[in-house]
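Which chain is which? They are A, B, C and D, in the order written, and residues in each are numbered from 1.
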Amino acid sequence: MMSVQGLAPLHRNSRDLPWVPFTPYSTTVKLKLLQVNPVTGQVITMFHVPGGEVLGVHDHHGAVIVYTVQGAWRYLEHQWTARAGDLVYETAGSRHTFLAEPGEDMVAFIVIEGALEFLDPQGHSMGKENWKTFLDRYYRFCEENRLRPVDLSRFE
Amino acid sequence: MMSVQGLAPLHRNSRDLPWVPFTPYSTTVKLKLLQVNPVTGQVITMFHVPGGEVLGVHDHHGAVIVYTVQGAWRYLEHQWTARAGDLVYETAGSRHTFLAEPGEDMVAFIVIEGALEFLDPQGHSMGKENWKTFLDRYYRFCEENRLRPVDLSRFE
Amino acid sequence: MMSVQGLAPLHRNSRDLPWVPFTPYSTTVKLKLLQVNPVTGQVITMFHVPGGEVLGVHDHHGAVIVYTVQGAWRYLEHQWTARAGDLVYETAGSRHTFLAEPGEDMVAFIVIEGALEFLDPQGHSMGKENWKTFLDRYYRFCEENRLRPVDLSRFE
Amino acid sequence: MMSVQGLAPLHRNSRDLPWVPFTPYSTTVKLKLLQVNPVTGQVITMFHVPGGEVLGVHDHHGAVIVYTVQGAWRYLEHQWTARAGDLVYETAGSRHTFLAEPGEDMVAFIVIEGALEFLDPQGHSMGKENWKTFLDRYYRFCEENRLRPVDLSRFE
């Protein structure tokens, strides 16, 4: 008889994973991808932005959870500033312009559902990001830097 | 270099899958399990209840989507009756008593997040249902009836 | 003291809701929108396609669950045909060309996470669909046809 | 005509929210609840455990994402130790015994889908936790400590 085997919890050691430039949008904004889910499309990543830097306008097609680990940031379209320890919950179908506050670098832990789309100053699409593009950027970085890649799409 | 392979869409042919009694809660209520997700716990199943039958009280720990394919049903706690073509969205943390209306058998397509818990008339737990219990019940039915089981937990 | 009030289950009566042409992609393919979630972006809708019709190529940025109620359909890119009672689970980040089989009209119940994007024959974007565009199309149809709209974005 | 208004992103300032003892399971383990979703049941919370403390066995009925902010911890059932910066993704339907490593207090950011259930040493249920119990515990703490509660269940 077939038996039902649950999956063990996944532990992803962040010290084993590289910070990868978030090309083509920026060479100084960096991502440390932690996990993607090829079934649901969920992406879990760290995000690092030098103080004072602007990332540009982007659309969220799904919900995004942002936990700020260090530094401070805001959206040009809103009044609040998120600091270390704060939660930002970005509802599906919203558009924002990201700005790290001057000073300390900003580091965040981010859970993305659906896709992101970055826009140029004229509002044209510069690129869409989903689990495949995040994973591909990580694999290309490993190849270029002769790092042994981890399969960040597997849960077992 | 590692390449990013997306998963093909999953097609589950309902004619190949059996109706399985929803034991121990009922022998006449039947489930045709279509898919489970061992990562998120999502369960996708058909549900068949003879006209006039009561299933009992249950808690929803996550959200549940019910599309009624045939027949009519309601919850004793609410005023509406769901008929073929209707949607019921059950919010997380709710408790209800299911009743199929007399007459035609009720058939529904159901997407369950989280877990269900069935309660006896005194409010004690009779059992908890999650992706593992649904899958295990299907495998046991296949074993007992000498059917070749499909691995309903795989997406590729 | 503030008290915790759960939300009652939502019942959406399909007989009260209209079939709305899926413009600008088609005038003969129709949607009956049942519910959207402005927080997560989930869209729940019925889908009606005349037998033999092709809808075109589209990307899924999130996962999509399709339960076929009537008729038969397939994706040009895959070998299976989905018939009444079947489940299709479309994984995030996939691209397909929808085709209803000749004969009976195809009707499906669909749960969409994230966004869809339709492409023209050259692979250029014809439009992106998320909870806002589905809801807006329904509101415009109600306005044009002097129907009283239901707020399909509310759960209470 | 009705118009489609998206929801602004939610910013939750962690300095405005209290650390609440995780009663009845512990008086020294503390939670800082950040947000709950009454539709899907998602719970977003900070978690604080003194170094060396054991929380006990619990079941996950849905998936749980844990980002470790400070300190180190492990599950007795597994070999890894999670440290600051690490991700743990707990798949649905798993059971573990939580242990903070001796030394620095452990702080984590946690996203819970579905429900948790805590078990006593004999395996009996000590209590189930979902969005309602997390929110109720926070409201009771505010009442007892004459704090003005924030409605952590609203997204607008």
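In this text, contacts are C-beta pairs under 8 Å (C-beta built on N, C-alpha and C of every residue); 3 or more make two chains touch, one makes a residue touch a chain.
Computed from a predicted structure; not experimentally measured.
A.B. asks: If every chain is reduced to the average of its C-alpha atoms, which one ends up farthest from chain C?
C.D. replies: That would be chain D.
A.B. asks: Using the touch rule from the top, work out which pair, B-C or B-D, shares more C-beta pairs.
C.D. replies: B-C
A.B. asks: Rounded to the nearest 5 degrees, how far is chain C rotated relative to chain D when their C-alpha atoms are superposed?
C.D. replies: 180
A.B. asks: Could you tell me the distance, in whole angstrom, between the mean C-alpha positions of chain C and chain D?
C.D. replies: Centre separation, chain C to chain D: 34 Å.
A.B. asks: Can you check how far apart chain B and chain D are, centre to centre, with Cα atoms defining each centre and the answer in Å?
C.D. replies: Averaging C-alpha atoms per chain gives centres 28 Å apart.
A.B. asks: Let me have the rounded angstrom distance from the C-alpha centre of chain B over to the C-alpha centre of chain C, please.
C.D. replies: Here chain B and chain C have centroids separated by 22 Å.
A.B. asks: Which chain B residues touch at least two other chains?
C.D. replies: Residues 6-7, 37-40, 89, 91, 93, 132, 155 of chain B touch two or more partner chains.
A.B. asks: Could you list, by residue number, the parts of chain A that touch chain B in their complex?
C.D. replies: For chain A paired with chain B, touching residues are 1-4, 6-7, 37-40, 132, 135-136, 139-140, 142-143, 149, 151, 153, 155.
A.B. asks: Along chain B, where are the residues that touch chain D in the complex?
C.D. replies: Counting only chain B, the residues touching chain D are 37-41, 61-63, 89, 91-93, 113-115, 125, 128, 130-132.
A.B. asks: Give every residue of chain D touching chain A within the complex, in rising order.
C.D. replies: Within the complex, chain D contacts chain A at residues 6-15, 34-35, 44, 46, 65, 67, 69, 75, 78, 80, 82-83, 85-91, 93-94, 96, 109, 111, 155.
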